[in-house]
Every structure is written in structure tokens, then in C-alpha cells.
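Two complexes, one shared chain (chain A), two partners (chain B, chain C).
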Partner chain A sequence: MAEQKTVLTPIPGVFYRKPAPDKDVYVKEGDAVKTGDVIALVEVMKNFYEIKAETEGVLAQFFVEDEDLLDAGQEIAVIIEQ
Partner chain B sequence: MSYFRKVLIANRGEIARRIIRTCKKLGIDTVAVYSEADAEAPHVSEATEAVCIGPAQAKKSYLYVEKVIQVAKETNADAIHPGYGFLSENAEFVRRCEEENIVFIGPSAETIRLMGSKLEARVQMKKAGVKVVPGTDRSLDSVEEAVLVANELGYPLMLKASAGGGGIGMQLVLDQDELIKVFDATKQKANSFFNDGTVFLEKWISKPRHIEVQIVADTYGNVLHLFERECSVQRRNQKVIEESPSPFLDDALRKELLEAAIRGVKQINYTNVGTMEFIFDENKNFYFLEMNTRLQVEHPVTEEITGLDLVEWQLKIAAKEPLAVSQEEINKTGHAIECRLYAEDPYTFFPSPGVISGLELPKDEARFDFGYTNGSTVTPFYDAMIGKIIVHGISRDHAIDKMQKVLEEMNIHGVKSNLPLLKKIMRNDQFINGSYTTEFLNENKGLLVER
Partner chain C sequence: MIKVINPGLQTTVQDHGRIGHYEVGMPPSGAMDKYSYLASNLLVGNKDHAAVLEITYMGPVLEFQQDVNVAITGGEMPPKINGQSVPMWETLAIKAGDVLSFDFIKQGARVYLAVAGGIDVPLIMESRSTYTLCGIGGFEGRALQAGDELKIGGENESEIAVGTRISDELIPTFSKTNEIRVVLGLCSYRLTEESKERFFSIDWTVTPEANRVGYRFKGERLNFVEREQPFGAGSNPSNVVDLGYPIGSIQVPDGVEPIALLNDAVTGGGYATICTIISTDLDKMAQIKTNEKVRFVAVDIHEALEIRKEYQGKINQMKQQVLGHKGGVKNG
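Coming up: the complex of A and B.
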């Protein structure tokens, strides 16, 4: 059976799914991701922290919307391992 | 006598508290604005009244022009003090204030627009006979044009966005191949970041020192300088330590620099307080870099050596009163140093938001301009600066000695801070000799290693 892995943000901040406002999202729901792929950004005090996939699989769902405010440790997405 | 009845402060943190302090002293009421994330922030309770202007993200609150204007009108504020950052150098905001008959405490929209363009600023300074970094004075529209200009100037060069600032929109190019490679991307980035794709080339200056001149100008053409500030200790193009006088300048060079700054400011009919930033090369040649058309973070260094209140002068000039002093009446005494305390890892500079606990400041031994108090939350949404520690001594050695003691007596818990780095810098020989450049932290990697 496929294993589910939740992606957490280690830091608080503002959530972004795109590298820049005029760019496409890093990854769409349902897309395959590899370990180390950037899936989102968290803006913390004018710095951008990359959230990376820590496993290979399909990014099934994001739990937060673009520009949502995140707490440290909050669940942001789930990856289903293949 | 009061310059205004009520001033709205379109800012947060230490600078909002700093402005409130002077307003209180002068009997002026204050309106604080705050985001939802700052409801518990000290500046909110210290103002006469406070209004929430939106969610945490700056663009939805502190940068929201129409909301700030609306609150100023609803609270009957006569004037708006923008502090630094946020809307302080936003010409459109100033134009809106002018339109609504609210006094903007700073220069005119037109001056801000002029100095906001690095290319236009270069042209103006050359007209005033102030040296600028060798480079182009026109926009480079194609990579072919850039290559031609670059061959004339000689590498290495800086490719700069005209609308950029604070280290953003700059690209070092070492040779022609690199210029060809980065030209389009830099232009595009300038366009998407600043909505202005104008780029130009300047000679790259190795091992520079960053020295700036504080100026004040009233609406009657009186222009004064308040000496220089040495700001070469930087990380990621952001200042960490500032001092005045600069240990690099002798009296003749200082005089030359201060006179150049005054010439430049007169050229553009500047009003209010402002800062002319210069870059010095290894041979003591100096060039105009840019002008900051606002109060600076490091203004306390100048206040300490001159005994003046720069916020009061801003209010006075904005109220159209003349500067009632001459240059000869402005004196400096001793030496001042400021350290910026950031909520960040002292070795990687990565931000560290959190709740401040156990904040201990030896109050009687230094000036502490802090945005936070014990128990305050440093949220992830704004600048990482917690506050500034400023000391004044009879000499540079005395000031360093005082700063060393103050930093040793300080304590902060709950967030990571750069306090350990500040302590090490104050005991570093190169810093103590005063022989440092903006490469200081890169050259002293040992300071950035935990021991």
C-alpha cells in the first residue's frame, strides 16, 4: 500500500506556491515529485525559504493556499510515495 | 509652540517608537497604525491613538497607500511621518498626501522620484560637480549596446537596475561572456521587481568603504551637513555597525566629502533630512552612490555626536520653519557607535522569529532604540531588526570599550540573535584599527564560526 508523507514547514511565515508572481506554480496537485524538488516557498523576514520534497511520489494535495500565514510545524502538503 | 497638532506614523517597530518619543516631548498627539500581527506591539500602546490597517503582510497593511491615507483623514492627522522603509520613498504615496492636503514629513514627490532613479541621480550629481562612479548615463537597451559600453569602461563592472536599491537589482559581471549571459535576465528582473527595466553599467569598485553624509535642508534654501557616518560593516548588503566620525577620513578629505554632499543636495532643491551615500575606493577617491530621501536607521549616531534631535528637525522643516542655526554652530563631540541587533542566526544570518524572553539591557550605559520589550513576539512578517544599541564616548577607543561592556551585560533569549557576532566584531583587531571595508565580514570568516 502507498505510504503517505506529510510535508511540514519548519519555520513560520507567508506561503507561496510560485517562485515569482508572474511564474507558474512549482508543482500542481497530482504531479510527480522527486526528493529535493522545491514545492513551495515560505517568506520569513524578507528571506525566502524553500520547502523541498523529502520523498519521491505524487504530490496529492496542498493544505494551505497561496499567501496563507503559516505557523512553525504546520502541515502544508501530502505526498503519496510510489 | 508646536509644529503639528497630530501626526500619523506610517511605520512600526523601533522607528515608530522613536518618532512617538519626540512627538510626546513636543506635545504633539500621535496616531499609530498597525497590522493584525502587531496588535500587541509596543508602538501601538505608546501612541495617543492606534488604528488597525489590515492583515500581517506588509502589502496589505503598512504598504497599503489608500488605507493609510484614509486613516489619516479619519483621525484628522495634519501630517504623516513615514519612518524608513515601507512608504518612506514612495513618490506615489507622497503625491497622494499632497493631493489630500496632508503634510508628508519628508521631501516632495518630485524629489523622491528623481532620486529613486539611479540614472537620473547620476545625471544630477554630475551637473553639481559631484563625482559619480565611472559608468553610463543612459539606459542600455540591448546587449550589443551594453557590450560596446563595457569595452570602453573595462571589466569588472556592475550591471545595475536604475530603480533598484539596497543591494537588490545589481549583478557583478567579470567579462564579456558573463555580460551577454546575464543582460536579458537582469533587465527582466528589474522589470518585474521595480516595474522599470532600465539598466546601466558602472565600474566595479573592489574593497570599497561605504561612508554617508547626513544633511538637513529647509524650505528656504538653507542646507547644512551633520557630518558623516561610516557604514562599512555589512552583511548581505545590509549594515550591521555604523559609527561617526569615520576612522578612514582625515580633516581635509572629510571637508571635501561634506562639501560635495552639500553641492549635490542644493542641485536638486532638496528639503528635509536626507543622506548622501558615497563609496570610497582604496586610493581614497570617493563617488556618489545614491541618496536616501528619508530618516536613516543609523541616525542616532549623528544625534549622539551633535546633540541634536533629527526627528524634531524633520517636524520643524515639514512645518515650513526655517533652520535657525548656521553650519558654524553645529559641532561634533567624541565618537558614537551603533550596533544593530537582528533576530537571526549569528553565523548563517538566517532569520529567527519567536517570542523574546529574558531581555536584559543595561539601561544606564547606552541608548537602546528597540522595537520590542521582554515578552514581545518577533513575527516572521517584517524586518529582522530587534533594536539598536548606541554608545557615545570621548574617543573611538572609549566608545569601543563602552560597547564591549554593554554587549557583555546584555542578554536575550527566545530568539537567536547576532549578539555573539557583535561581541566578536567589537574585539576584532581589524575593527579596532578602523581599517575595514565592506569586505570585512567576508575577510573575517572566523567571526562567523561558532566557538
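Coming up: the complex of A and C.
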């Protein structure tokens, strides 16, 4: 059975799905991801922290919108392990 | 020696601060949550002013190359030695080769790591605190980076038994909604009565621009009393003739987004400061994260002094527990 892994942000801040405003998103919903792939950025105190996949699978869904303000520990996406 | 494997998000060397140079524009820097800072030094037998690591939001991974006692206090960020959970607010023994790491932050924003002897970096203007904006103090004037090696100093004065802990009633807890007490002034007369009332009656949200320099809040626009621009003041209604900014003072440039100035902030300027956070609540402010809520509560100077007395009492109680072993919880 496929396991679901929730991706959390360890820090609070602004959520970005793109590496830069004029670039494509890191991953689209339904894309395959490998362990260590960057899936989003969180910006706080002028630092950009990379959120990485900690498992291999399909990124099924993002729970937050681009540029949302996140709490520390908030769920941001779910990966279905393959 | 302590080797930095991973620095965390922003980890800096801090002590009680670079005090006494405010008039030349030098802010004090130093540990933002002084109570937790003092507790960490106390638990490893350090002098009050020894330098520690201040860790913000995400913990570092540190490899110790010598045996040493450590203590971790502040917000709740569960620490681990070689992957095994260890308690905060307690004297811990580290062996050469041990790796200290942390889980996600659960409560608060900043954690203090004291090592017996203190972090040994050069004294700059009588302080080891890092002031990153000017690139002075601490470890090469900056936040730690992977590969840095920290020396341990000789700032300890007493032997504290491993397992000594601060009792629960003296350990602060932190929440996502906070009351921060302020004394009104120096330039509160510039706000309209209505805006003054609104300032104290709404929840302000901490924006991502919240660091050691200051915290910026989102809420609603505040308005200033109409006036004729005085000689020497800027043209914006939020401007006054330049004044010294108290630490913890709150200004509202152009009436949008109040800013609380903290340990690394500019020491003076031309914005009306509408109130000042009382010293004990600066500790609380330091433990508030981006996207959390703050309600400001006005107290007068007498109440503020009374609150400070209580706070000093708690610190004395903590000292007695750890140094006097009176009522201290020992489980080592």
C-alpha cells in the first residue's frame, strides 16, 4: 500500500513554490520527486530555506498557496511514496 | 573545540551585550531573551556575562571535540545528543566526539546553548556579542557557518552537578498569542486618540521581517494628529525632530506597520516612538515567531518597575536553586 508522507515547514515565513518570480515552480502537483529534491522555499529574516522531499514518490498536493505566510510546523504538502 | 557541521538558520555568539556605547550609535546586541540566557550560563557554572550560542528557529548540528558540560534553555526545541533526546533547562554532560542536534521548534523562537567556560571569541568593546549589521563581535562578526570551529573559554566559576535542573515553575512557556506590556511615550502625543485606542485593541501579526534588529507588525493603519512641520523634522506626519530611540521602542513609519526596535537596532532617528516595551517583556518578544499575534497592553512606569522586581526575584530564586541547591530538582 502506498504510504503518505506529509511535508512540514520547520520555520515560519513566506512560502514560495518558485526559485525566482520569473521561473517555473519547483514541482507541480502529480510530479514525481526524489529524496533531497527542493520542492519549495520559505523566507524569513531575509533567509531562504529550501524545503526538500524526504522521501521518493509523487507530490500529490500542496496545502498552501504561493506567498502564503506559514507557521512553524505547518503542513505544506503530501508525498505519496511509491 | 566545537565543530559546526550545520549552522542552523541563524546561530550567533551572544553575551549580555555591548553596554555603554549607545551614545555613539552602537546598539547593545546581546542575547535577546536574557532570562533564558542567564539560566543557561547558571546551569554550567559560568559567570553571568559568558558568551553562549543564540539559536533562532532551527537548531545547528555541532560536533564536540572535548568533554564539557552544556545547558540548553529558551524556546522549546528538543535537543538530541547522538540522536538520543536530552532535556532542556538541565546540566548535561557531553563527551568528546558527541554530536548535538535539535528537532523542529515547538514553542518560542530562540534557544540558548551555554558550554562551561563560555564561547571564546575576542572581546570587542568589552563584549563578545555578534552585531551582524556592522560585522563585529562574535565569531568573525557573523552568524555561524558550516566548518567553523568554536573555542571554549575559561569563564566558569562554579562546578554544577550534571542533572541539575531549573524547576518547572521557573521555566517560561511561550504561546502563539502574546501580551506585550509597554509604557506609553515618548511621542505618543503624535497619534490621534482614535489610533491610540486602536493600537491597544487589535491583534498585531508579526511579519517575516522580524529579527534581532526589530519586529515589524501588520494590523491596520494608524493616523497622526495634523500639525505644522516643525523645524528639523521630516515632512511625514510620523516624523519628529530626531531623538534617541529607547530599546524596545515602537515607531510607525507613515502610520503603516509598527516596528519594535530590538537589540541590534538603530539608536536614534526621526520617527515618533509611540511607546516602549518594558524590559522584562523584551524576553517574551524574543520568543515570538513570524505569523504569531501580539496584543500591546499599556502599563505605567511604577507597574513596570514592580514587574521588573518580580522578574529579578525569579532570577534570584533560579540562582539559589542551582548554586545553593535549595529546592533545586536533582536527578543526576
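Assume the second predicted complex is superposed on the first by the 82 of 82 C-alpha atoms of A that agree within 3 Å, B and C clash if a C-alpha of one lies under 4 Å from a C-alpha of the other, contacts with A are read in each partner's own complex, and residues count from 1 in each chain.
What we mean here is this: a residue touches a chain if its C-beta (ideal position, glycine included) is under 8 Å from a C-beta of that chain, and two chains touch if they have at least 3 such contacts.
Just so it is clear, the model here is predicted, and its values are computed rather than measured.
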First, second, both or neither for A:47, with chain B first and chain C second: both
Which superposed partner A:22 touches (first chain B, second chain C, both, neither): first
Touching partner for A:73 - first (chain B), second (chain C), both, neither: second
Which of chain B and chain C A:14 touches, first, second, both or neither: both
First, second, both or neither for A:61, with chain B first and chain C second: neither
Touching both chain B and chain C, residues of chain A: 11-14, 43-47, 69
Complex contact set, residues of chain C against chain A: 9-10, 56-58, 104-106, 176, 205, 207-211, 289-292
Complex interface listing, chain A residues touching chain C: 8, 10-14, 43-47, 49, 69-73
Chain B-touching residues of chain A, taken from the complex the two chains share: 11-14, 20-22, 43-47, 67, 69
Sites on chain B touched by chain A in the complex: 55-57, 192, 343-344, 350-351, 353, 379-384
